[in-house]
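Listed next: structures, encoded as structure tokens.
The following pair of complexes shares a single chain, subunit A, combined with subunit B in the former and subunit C in the latter.
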Partner chain A sequence: MNIVRWLTTTNHKDIGILYILAAFLLGAIGGLLGMVMKAQTTLPELSLISASFYNQSVSVHGLVMVLWFVSPLFLGFANYMIPMMIGCRDLAFPRLNAMSFWMFLFGGLVAASAFFFPGGAIATGWTIYAPLNTPQYSAGNAFGIVLGVAGAAMLIIAITLGTINFVTTIAHMRAPGMTLLKMPLFVWFFIATLAIMLYVFPVLGVAGLTLLSDWLLGTNFYASPHGALLWAHLFWIFGHPEVYVILFPGLGVVAEVISVFSRRPIYGKNIIITCIIISTIMSLIVWGHHMFVTGVSAGWRIYMSIMTELISIPFGIIVLCFIATLWKGSIRFKTPMMFILGIIPLFLIGGATGVFNSSAALDYSIRGTYWIIAHFHYVLVPAVAMTLIGGIYYWFPKMTGRMYSEKLGHTHFWLTFIGMNLTYFPWFLISEMPRRMVTYSATQTTWAEMHLLSSVGAVILLLGQIIFVINMISSGLKGPRALSNPWGGYSLEWTVSSPPPASTFLKRPIITEQGRVKYSFYPTSWAHLENDGGRIESNIDETDFKEDSD
Partner chain B sequence: MSICSICDQVVTTSQAPIESLFSIYFWVALIAGGGVFLGFLYFVFRFRYIPGKQEPLDAPKAGVIPPLRGSSKMGWILALGLFLIFIPISVATKDTVDFIEKPPAEDSLIINVEGFQYAWSFTYPNGVQTISTLRVPKDKVIVLESTSRDVFHNLWMPQFKLMVDTIPGQTNVVWFKAIKTGSYTAHCNEICGVGHTFMKATIIVQEPEEFQKWYGGGN
Partner chain C sequence: MSESSHANHNPSHMSIWPIVISLGLALVFWGIAAYLLGVGLPLLILALIILVGGILGYLKETMQGNFVAIEEQRGAQWPFESLSKLKLGVWVFLAGDIMLFGLMVGVDIYLRLGAVSWPDAGTVFSISHGALMTYLLLASTLTFGYGVISIRNGSSKGLIIGLVLTLILGAGFLVIKLLEWGELFSHGFNLSSGLAASTYFFTTGLHGLHVLIGIVGLAYFILGSILGNVTKEKHETLILFGVYWIFVDIVWLFIFPIMYLW
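And then the complex of A and B:
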């Protein structure tokens, strides 16, 4: 383990781990900013931090969580797992992959560095609405906006290079016999993410570069009469599909984990794939629901309303298929499965409240309020953050070769589940409060009660994450050795040792028409796999699940 | 405190359809989501692992891509079922949008609203201008023609369940008709700078005679 190796690596597994570590580093920054905001709003009329710092916190928290926490987390899994899942040695362009990672990391650091410049970090909200984002109205926040947008531009380059890399890999480097339909759903969900990213990140790039040119070249795109709506359209053409960009990998983890731990194949794989394709296309044409009260025409609003309602249908079907997977299963309540089962009711709440927001009429009474932030935290925290954390537990034995502590894992889950609900549910009940208010009057007693409750929840949530970090570090160093396939998984990463060798496959795997994996090098591939501890064709060893005996 | 505070007393006529629309959505979500949730709980309990329980025959194992499970017919059934849920709420939304869209054809008071960092200015037809206080008569249609002097703001009147984006360079129109006198607080609902939190206005709904006394019959 030396530093030069990690700085110069082009191996997809090393880069995957770097992505995951960077994601948690940046996610911790985003989380701490969230805690700062929670502390400030715990009681009415507090002034722990200035309004200016609150605005910076609210903006950087949003940008970091969406762009620099969730994206690298799923890119980490994708880097590590996808080449193994489709049976190839590495990504198509390993050095390009390393470049993507470092561009992404420096982009994040550039954006965050603005905290140390006069005027502080970007303070316009994560939506960076025009014309507040222009030199005319934010001269004091120049470093924040320019560095924030420059960081985002580096992220866009990183993402675009990464997408090309993954598309090439999945299109051209699948193992012989690994047909599209045989690929695990995790790969399918990731393909949808790639497709959306290829479409929407250039739009964000255009918005960001024109904004930078307003600042650096003296153009006037966004302080001009139609600048506000121009920015809103560009931002949401990117911003709404971005929700699906970060949602799909989470659902991919759900698909893998729910099947493996209920010991049944995923229900309706072809139905889910159809839904993925339909919702990918639809996700690009629903952005208008963010702009219902901007004065756009009524016909356009009705269209966007109906499209937004319709896009719930494929997601509803996907969730129902996940639940149907449990039918006649034998559910093992290991930590990854706890997280994945735990998110289903939360995602139901997040999804159902999303249907409210799709209504152009109801938007007159909920847009931009605490109802909205309650809704999207109920989508993003469970369906994105908690699923990916479930994924961390699921693949931890594979990545480190060691088992995590199941007891700490369950504690982490329950603290997260309870803390998460306590933090975000009260926000639904103060739907009249505008978001991004640094403080509120003491006469608003309901607001005060709800914020106090929410802050208690945030502390519980934080405790859970501390336990998570302790579990990861102590188990990563001293946990018991993991077998190559501790969960009885089917995808190809479970056919190799834990942790896998730098070059995953000795020989390229071949998948027969019946779906059996063979190595051309070993005519008797089953024996080979069994010697590896893969426990092929046998039931799971009961001792692996002895903690379930309660 | 009620479900999302939407069941407050009705104080404007345009608020009533939004309240009832909300309850349609709420009950549809509660019944559909609650049903799925109960089914999910039953599945988790019913199919949990018990020591000694046999592995399902098609349990995933390393080196075997699992066979497909489920029929595409089920996909169509689920799609149709979900689609049917969305018909009534889409129709209800369309009706409500149509209602909110057009101010009723009655005698109305048109007030120009201008947001600026960090206050609201209201200009009446007779030229009277107020800052941060909007006085309106009860039982009269009030049309707010709203714009902004500088950045993107949003005039949010929580008790009326009504908001409008105020955007520089364009005028957005929204209307309401108050049916209860009283004093209400409006907030800016779009981050607009350091003073965003404190960009408020007081809406005072008065009896028509009282309002006329203040207004002076200038029109």
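And then the complex of A and C:
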């Protein structure tokens, strides 16, 4: 465990672990900023922090959570799992993969370092709207904007390199017999993410570079008469598909977990794949629903409304397929399954409120209010953060070779589930309160009640995450040894030991016509899983969780 | 974590340069911020040294073959059986770059159509300069092609002549571009002179940066062919670099009419 190895490694598993650790480090920063905001709004007319710091917290919380927490978290999973799932030993371009990680990490540090410069971190809101983002209106926030956008530029480099790497790997390095349709759904969802990232991150690149050039070179893209609308278009051409970029890997985890823990093959795999492709294409052409009040034409508003309502259909089908997988299954309520089952109703609330927002007429009155932030927290927290945390539990035995504590895991789930609802649901009820307000009048008694309730929820949520960290550290160090396939999983990563050797496969796996793995390398621990078109049987039983003689 | 004696942890599968390049770029941005505070010039210079050193180290490692990626036997590759791994990677990169330039040109057109007034063609940007630059870039494609045909016939001398000519033409493009910029600056037309200036300088600057990267690449391949690393049997990376170089030419064929002739 020497430091040089971790700094110079190009192994996909090492880099996957680095990604996950970095994601939780940066996610903790974003989460604590959220707690600071929650503390400030708990009671009316508080002044725990300055208005300027509140603005910085709002902006950095949003940017960090979307760009530097969930993105690296799913990239960590993808790094660790995808080569194993498709049966190869590393990514196509290992050095570029390492570069991708370090660019991402240093980009995050560059953006976060603005807190220590005069004027503080970026304070424009995470959307960085023009003309607020121009030197004319944000002169005091120069370092925040320049460093924030510079960090994002490094992130774009990281994502571009990562996309090249993963597309090539999945296209070129699949094991013999691993046809496209035999790939696990996690890989399929990740392909959709890759396609969207390839399309939208250059858009963020153009937006970020022109903004940087406005600040550093003196051009004036965004101070111009059309600058505001130009930024809104560029930002949302990127920003809306970005929602799907981070949502798809979460759904990929759902697909893996729900199938393994109900002992059933996923229902309608090909239908899900079709829906993935349809929604990937549709996700690129609905960005205008963020811009209903910017003065775009009526025809544009109608088109965007209809397209946005339509895009909920493929997602509805995907969720129905997940639920149908449970039907007649033999469900085991392990922690990963708890998280995955828990998010289905929450994602339903988030998705259904999204359909309301997509109506231009309704959007006129609810945009920029707590209703909107309640909506997107109900989408992003369950469908992205909670699913990926479920994924952490699911793959924890594989990555560390040890079992986590089920008891702490369940506690973590319930605290997260209750805390999450208590934190965000009250925001739906104060839909008339504008977002991003540092404080509010004491005469608004409903707002005060709801914020107090929400703050209690936030504390419960925080408690849950502390338990999560304790569980991960203590189990990672001295949890019971895990078998190579503790859950009876079906994909290739479960055919190798836990943790897998640096070079995963001694001999290339071959996938047979029936979808079975022909070679098993660690025969003592490989469960015989056969897909007879219906229920999948496994010789795994509950005692396997206890101890492995190792 | 896992047995470090394994192939994946051999020195041939570890590289210091990714972290050096990333650190260098981060230091460049911190250097710029410190420079704005009035203290950062030494830091900025140091950062650039680290960044350039990192890139050179990376290229040197590649050229000497000190880094070995794992090669898998052929598996399921449908529908990409006919493309090599590297070629696929380059095309995916170009797909992203096409988005970048496509959107940049889109931004230019969007701002142009929305603007109240815009300088007429030929009044600010000299059409003859633009035409000359177009000619140089197109000619560089020809000389590059000459080099590739030479090495396919086994003549590394022809390759070196072709690549050096390409480098001269590319550098000529950049020199004329810089002279043109200097002339515009001397007429008081600089980056802050309205939207026409913003779009022109930014778009041509972004393209110029790609040409500069291409010139670094050409220098790398000239060095490689002098050292005998580019041979009749092994010149795939050269071809792929050619794809990039010609892509940069094609981008200019969009920028030239929009910026100079419209």
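By our rule, the second predicted complex is superposed on the first by the 523 of 550 C-alpha atoms of A that agree within 3 Å, B and C clash if a C-alpha of one lies under 4 Å from a C-alpha of the other, contacts with A are read in each partner's own complex, and residues count from 1 in each chain.
Just so it is clear, a residue touches a chain if its C-beta (ideal position, glycine included) is under 8 Å from a C-beta of that chain, and two chains touch if they have at least 3 such contacts.
The model shown is predicted, which means the values in this text are computed figures rather than measured ones.
**Student:** Given the superposition on subunit A, are subunit B and subunit C in a clash or a fit?
**Tutor:** Aligned through their shared chain, the two binders fit side by side on subunit A.
**Student:** According to the stated criteria, A:W371 is in contact with first (subunit B), second (subunit C), both, or neither; which is it?
**Tutor:** Only subunit B is touched by A:W371; subunit C is not.
**Student:** A:Y303 in the overlay: touching subunit B, subunit C, both, or neither? Say first, second, both or neither.
**Tutor:** Neither subunit B nor subunit C is touched by A:Y303.
**Student:** Between subunit B (first) and subunit C (second), which, if any, makes contact with A:R332: first, second, both or neither?
**Tutor:** After superposing on A, A:R332 lies in contact with subunit B but is clear of subunit C.
**Student:** Thinking of the overlay built on chain A, is A:T294 touched by subunit B (first), by subunit C (second), by both, or by neither?
**Tutor:** First partner only, subunit B.
**Student:** Which partner chains sit in contact with A:R5 here, subunit B, subunit C, both or neither? Use first/second/both/neither.
**Tutor:** It touches subunit C, and subunit B stays clear.
**Student:** Would you mind checking which one, subunit B or subunit C, touches more residues on subunit A?
**Tutor:** Larger number of subunit A residues touched: B.
**Student:** Of the two partner chains, subunit B (first) and subunit C (second), which one does A:H226 touch, if any: first, second, both, or neither?
**Tutor:** In the superposition, A:H226 touches subunit B and subunit C alike.
**Student:** Superposed on chain A, how close does subunit B come to subunit C by Cα atoms? Whole Å, please.
**Tutor:** 11
**Student:** Which subunit A residues lie in the overlap of the subunit B contact set and the subunit C contact set?
**Tutor:** The overlap between the subunit B and subunit C interfaces on subunit A comprises residues 224-226, 511.
**Student:** Where on subunit A does subunit B make contact in their complex?
**Tutor:** 50-52, 55, 58, 123-125, 129-132, 137-138, 181-182, 224-229, 259-260, 262-271, 274-275, 293-295, 298, 301-302, 305-306, 309-310, 312-313, 316-317, 319-321, 323-324, 326-333, 341, 344-345, 348-349, 351-353, 355-356, 359-362, 364-365, 367-369, 371, 428-440, 446, 484-485, 488-490, 494-495, 511, 515-517, 525-526, 529, 534-540, 542, 545, 548-549
**Student:** Which residues of subunit B touch subunit A in the complex?
**Tutor:** My answer: residues 1, 3-6, 17-18, 21-22, 25-26, 28-29, 32-33, 36-37, 39-40, 43-44, 47-49, 51, 53-56, 58-72, 74-75, 78-79, 82-83, 86, 89-90, 93-94, 96-98, 100-101, 117, 150-152, 154, 156, 158-159, 161-165, 167-174, 187-197.
**Student:** Using the touch rule from the top, collect the residues of subunit A that touch subunit C in their complex.
**Tutor:** Against subunit C, subunit A makes touches at 1, 5, 7-11, 13-14, 17, 87-90, 92-96, 98-99, 101-103, 105-107, 109-110, 113-114, 117-118, 142-143, 146-147, 150-151, 154, 157, 160, 163-165, 167-168, 171-180, 198-199, 201-203, 205-206, 209-210, 213, 216-221, 224-226, 230, 233-234, 499-503, 508, 511.
**Student:** Name, in rising order, each residue of subunit C that touches subunit A in their complex.
**Tutor:** Going through subunit C, the ones touching subunit A are 1-4, 6-9, 13-19, 21-23, 25-26, 29-30, 32-33, 36-37, 58, 67, 69-70, 72-78, 80, 83, 85, 88-89, 92-93, 95-97, 99-100, 103-104, 107, 110-111, 114-116, 190-192, 194-195, 197-199, 201-202, 206.
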